[in-house]
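Read through the structures below before going on.
Next come two complexes, and both contain chain A; in the first it sits with chain B, in the second with chain C.
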Partner chain A sequence: MDNTKRLEMIGITKTYPGTVANDQVALSIRHSEIHALLGENGAGKSTLMKILYGVTKPDTGTIIWNGKEIRLANPADARALGIGMVFQHFSLFETLTVRENIELALGNQAGNSATLATRIRETSEKYGMPLDPDRRIASLSTGEKQRVEIVRCLLLDIQLLILDEPTSVLTPQEVERLFETLRLLSKEGCSILFISHKLHEVTALCESATILRHGKVSGNCEPKQETPASIARMMVGEDTPITHNAKRAIGGADFLQVRQLSTTAADTFEIALKNVNFSVKQGEIVGIAGVAGNGQEELLKALSGEQPYGSESIWFAGTAVDALSPMQRRRLGMAFVPEDRLGRGAVPEMSLAENTLLTSFDSGLLKKGFIHFPSVTKLAKRIIQTYKVKTPNELAAASSLSGGNLQKFIIGREVEQAPKLLIMAHPTWGVDIGAQVAIHNTIFALREQGCAVLVISEDLDELYNICDRLGAICDGQVSPFVATDDLPLAQLGQWMAGDFAADAQEVAA
Partner chain B sequence: MDLDLLTNILYLTIRTGTPLLLVALGELVCEKSGVLNLGQEGMMLMGAVVGFIAAFYSGNVYLGFAMAACAGIAMSLVFGFVAVTLNANQVATGLALTIFGTGLSAFIGASFEGKTITALPTLAVGFVETIPLIGRPLFAQDAMVYFSWILFIAIYLFFKQGRGGLKVRAAGENPTVGSNLGLPVLKIRYLSIMFGGAMAGLAGGYLSLAYTPLWTENMTAGRGWIALALVVFASWRVGRIMLGAYLFGFASIMHLVLQGFGLSISSNLLATLPYVATIVVLVFLSKNIERLKQFEPMALGKPWHKTH
Partner chain C sequence: MIRLEPRPAISGFWTYASPVTAVLLTLITGAFLFAALGQAPLEALHIYFISPIADWYGITELFVKAVPILLCAYGLALCYRAAVWNIGAEGQLLMGGIFASVIAVQFVDSDAWLAMPITMLAGVAGGMVWAGIVAFLKLKMNTNETLSTIMMNYIALNLLLYSVHGPLKDPHGFNFPESALFGDSTLLPILFEGTRLHLGLAFSLLALAATWVFISRSFIGFQIQVMGQDQAAAKMAGFNKTKLVLTVLLICGGLAGLAGAGEVAGPIGQLVPHISPGYGYSAIIVAFLGRLHPVGITLAGLLMALIYMGGEMSQIFLGLPNAITGVFQGLILFFLLSSDVLIRYRIRWASNPMKAGAA
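Take a look at the complex of A and B:
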């Protein structure tokens, strides 16, 4: 390997009101090296990336690029130097075509449109991720959108490619293909900075790693020499428990049954559900894996009653609940933790106490039709205490809490209702490892009490960790569901890609 | 109905449609960049009065048009500062701009009411003018009509092929993504707003310098609003703006047409036709949301500021 340094960041400090996002951070990457930047959410990875890509300016610190000190005023500067970035939340214009999107990012380097289209075809095929330049972004799958982002960088003769959590939106097979592309790139001399919190990916792909915790570098290592546990220690520190028991349960009688649920899509941005069949038993955790945008949102809306549809398809404890409103379903003992915390799970501008009231008003918070505020405050305080929500008090606005804390609060609020069925979407998305463990333990405790739990998530590690049975959703259809321990990852990956017709017949036969 | 009347109707349709075409093209560019400026009426009125005064004193109608455009730009900058820099609600700001422009133009123009100037002359293109039916409507118009056609083609190509058009669309589509990619979103929006202002000013000038060469208070008579409806009517597509402008122009001279057939219907009633047409189109458009989403700027009317 070429040992000359491509990039060195020294003593980078960036302070935002109230927090030090980066505190004297150092990072160094060699030519053609695949380097991992690890850390929990909120560890300062994103800030460091933004500084490196010229989006944000550091308070202090030096950036040395190919031996020369540089200052980045904006992303265009970074791109001009050969630094490309693939954002976690894609920077794409949905209604424009692939070519138009790339043209916009390349600016003057785009050349004329016809040649650009050819270059897009050639480059994308060379690196094993073919793209049609004339398709609209909105019509692409998530994996294809990521290809657009990557190809956009590759067209710029880049020397450093930054990827921010690139695998969180991909199926395992797509991840493998992405890794091959990255290895090919690295062989050609391009350095790669791979940001992730998935340890097995880092060990599989990266030659070296920088680990951040609370805005500081907490360690440097060669991932191939380490175990996931030792790296996790560097990420979370000594005091957080990072293992928990993964005891499986069999469950009792079917509690939630979804039979032949089909919906129609209102527009092309929605996915129609097609003959969805599955069940969740009492005292069982069932998981649905899937790449975002494959009907998860629509399934949740159907289950919660947010989106009406016209059949007897959802059965809860022996009765069809299709005609019931979300409130009536809650009264039967169904509880929901939606994906969108600020907006569906909580009202951002309202206090935690008021947000408690939103779903819990039936549990003795009303007196003769009037809100009894002392009871509301009491319940909110209990949730904050029991679920270790970090907040000044119950009067803080929901929007002032970090994602993880708000999630703990929302889950606590739902669990305090003693639900018979809890439906959760991405329960630990954006939540740090400590809070993840707490949330998982809450879910396990619910299961012990006989509650049926349905978890819809993109995080396969999490699903394998907590679920008793597992299936996948793809393009509005669900795969068969089998016991987690009998389901190899490769099989689940195929299901996530929609390849389950044969298996479905087999299970039915 | 004889040929002369038909020729006349065509001629008038184009003349009546021209100010609509100008202001709607300006608003289209503005909305494509994600900014909804409801101040068209106010900007037009300011263009009309300032253009008239300039032409009155200088005796040069072209200088009048230049000043009308400048007045429109000045008004649009007021809007831009409040709605883009200060991030105020675009709808409220635009409405305020219209009210402001209506009042200010009446104040400035009070002593010019009833004064006359020489109208913008028509430029006949020689013998082609004598072609029956289309000769006069197409080849005996004034300079602004031809200018509006050139402008129309330029804007069509700007969005069809130009990188500039792509940048404007990007700013209106998703300013945050645009900014992350390094596009100067605020600058793009300001320039689009200013272009919209210039066009509205010219459209106002067309009314007071060519269409009816005099100044009367509130002489735009709602054309700014029609232009806003036109942009929606055209579902943000350049080609349809021209079609719509002339269709609306035709609708507003409907009473002449009907007289030709010997019918007499209240011209006030007929004046509602463009609006009825817009509502009908909106209803049809909303049936095909997917198609609408392809052309409607997604960030239209949403305040946006750089976050870092």
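Take a look at the complex of A and C:
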């Protein structure tokens, strides 16, 4: 029985205007198998999943479920067959309880409403992720919210569970717990499709893998027989460098100091910062790890000046800058790479030249308040060339670039201003491995020039890769900061979960 | 089945083809409309759109009508590029007319050369005050400017009526709700003998050049467009929203106020209850029809002026009600908004997408 196919997708093709998202893709999953679907952003993973879950219809191709060809008109059809999906972005109503959310999402499929609470409790405990059906979603942690989504799938008679990048919102400890649940499920005969780009997780969990590149299947493998490097090779192709040499640095004098920064939350969805203290030296890269929504956004806005707070808690090179606007802080040497590339880092419908002017206006691009277009063009061309931004020319709209290329452009634009302090949020989020290496090398070069670099990221691999010192943020508080090489992952995980009590000196010793 | 499919990128072709399409569709619909009203369609269209500008005097009248519309529309385009939805050019124009009249009636018997410039500046100030109140409400009270500007239009209209019935009423005017006739020193000089075309044309050409340079060459103009397209990016770059919102509103208010001053000290020559047949409102259509670009606006403004004149012509020669002007304005706006869909979407005659899958 174990070798029969649970699912076979054959020759799936889906075209969107301008791109072929899936090109003759084949995917096959056995009973009780944990199967990984790997690929960089834009490789076509999401499209394939939407087709499998009945959200999107393929142009051509066949789906065979337990030996029979099927047609999926909508997600309810998929659920009726026993296909469950946990999306990367939760679709939960914050103000409703766990039970109400599950009942709403499943509709008639939720079964007897009276016994639903009991079933939620039993199912969640059976799989080692206890949930209280009467808690409101707003009071749950991110990890618990994910449990709600998983339990919602498990309440149905499930045969295939799809998880889209489930670990990106979890601490390392929570990831371990999730893996145990998934292994238990698989033992009971449920097949699991695990979508990720974190290779070490895939090698730890999955029995087989399908790798997508540019919308096509570029390989199949057994992850346990492979190394993360060999799988990465299949993901990015032969021509992209995937390793870089990270040297640690010890910085000079403090450039950025944050002293007792506390804020109040403007609304229920904001996190108040509580007595935040840390510093970034010239010539060092400091990282702040943390699960999204723990105050990163608020901290970034306080540092950049987009949301001014309090007084005398943010210092650049010994000067308090709390009262200064973002433009004034830029003039003191701050550069900023926000998380959202399109619609904050760059104006989508403006050209790269105009987007160069967006933040580089002080780099000799203005003459008496008027724009000197030849200089703008020249600088834009230089950024495109130096940072190897793939685009026809500087007149291309920012929205026409891929995520990685736009990020290379934005980082290049900020770096060309020769900043003294570079603040970056999730610098390589959704960026392909080739661009990642280029971006990291740019950051290293900037550090060598004596720039203070602050990186806020959820990607622990990245933080361990590039940061000289590392700390974590949880619920608006920051942990102590210690040298990256003295900080075991387990310790950082506890910090990310808010347990700062574990003695940092002890770890450092 | 017809369906709309998002384009991968904005269509440059349709950005400019859309207003042309809208005008053509308006003409075609107009032909049917005239036919339904029992007129010979082509002849009626000829009377409406050709006869008003068939002679030199007609052409100068076209510009007389276009000047106030254009002054308002150039300023509105700046606001709209900043995503400040100012619907208040009409009120700002009326306030310009009132402020200008307050000064002008002081100079009725004077021949001081300063009379005309001061009257114009008073008009500019009037429009700026009115727009400035909107800026204050928006920036300090977080008021939606679309609503506040519309309300301010009504307040301005009632202030105008109060002025002509009260403080500015001509004491020797037999109790008509009109101000005294302005003195020659206050009136805008006529550019061509025997016509009504006045110095306002020069103001409007200056405004064309100035707003064009401002929006396409100045750094503030760039900041305005960034703010209009992407508030988060403007904030990230550190652009000062207060300053930018204030700038566009004050420029627009000033230009609309100048338009109002130009009307009372130009073709009208005194303050009357009806100094504008909705120029400030039609300027909104003109701004969008002209793609918020000063050159496009100039073409669209001339067309709008023609629609006003055609409305009067069809009243006289076809015996149609003046409402026909509003109908044509509405048609143009309606077809423009419809055609603009094609900038971001394309039409597909879709077959069932699953047919291919079954093959």
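Methods note: the second predicted complex is superposed on the first by the 495 of 509 C-alpha atoms of A that agree within 3 Å, B and C clash if a C-alpha of one lies under 4 Å from a C-alpha of the other, contacts with A are read in each partner's own complex, and residues count from 1 in each chain.
To be clear about the criterion, a residue touches a chain if its C-beta (ideal position, glycine included) is under 8 Å from a C-beta of that chain, and two chains touch if they have at least 3 such contacts.
Owing to the predicted nature of the structure, the values given are computational and were not obtained by experimental measurement.
Aligning the shared chain A places chain B and chain C next to each other free of steric conflict. Comparing chain B with chain C, the partner in contact with more residues of chain A is C. In the superposition on chain A, contact is made by A:93 with chain B only, not with chain C. Legend: residue contacts after superposition of the two complexes on their common chain; A:113 is shown touching chain B, with no touch to chain C. Shared-chain residue A:305: touches chain C; no touch with chain B. By the document's definition of touching, of the two partners only chain C reaches A:371; chain B does not. When the two structures are aligned on the shared chain, A:103 is found in touch with chain B, with no touch to chain C.
Contacts of A:230 after superposition: neither chain B nor chain C is touched.
Once both complexes are placed on a shared chain A, the shortest Cα to Cα gap between chain B and chain C comes to 9 Å. The contact surfaces that chain B and chain C form on chain A in the two complexes do not overlap at any residue.
Residues 50, 54-56, 74-76, 79, 87, 91-96, 100, 103-105, 107, 110, 113, 136, 266-269 of chain A are the ones that touch chain B when the two sit in their complex. Note for the complex: chain B touches chain A at residues 161, 163, 166-167, 169-170, 173-174, 177-178, 180-183, 289-290, 293-295, 298, 308. Contact residues of chain C toward chain A in the complex are 5-10, 217-220, 222, 225-226, 229-230, 232-233, 235-240, 353-354, 356-357, 359.
On chain A, the positions that touch chain C within their shared complex are 17-19, 57-62, 71, 304-306, 325-330, 336, 338, 340, 343-350, 354, 357-359, 361, 366, 369-371, 397, 399-400.
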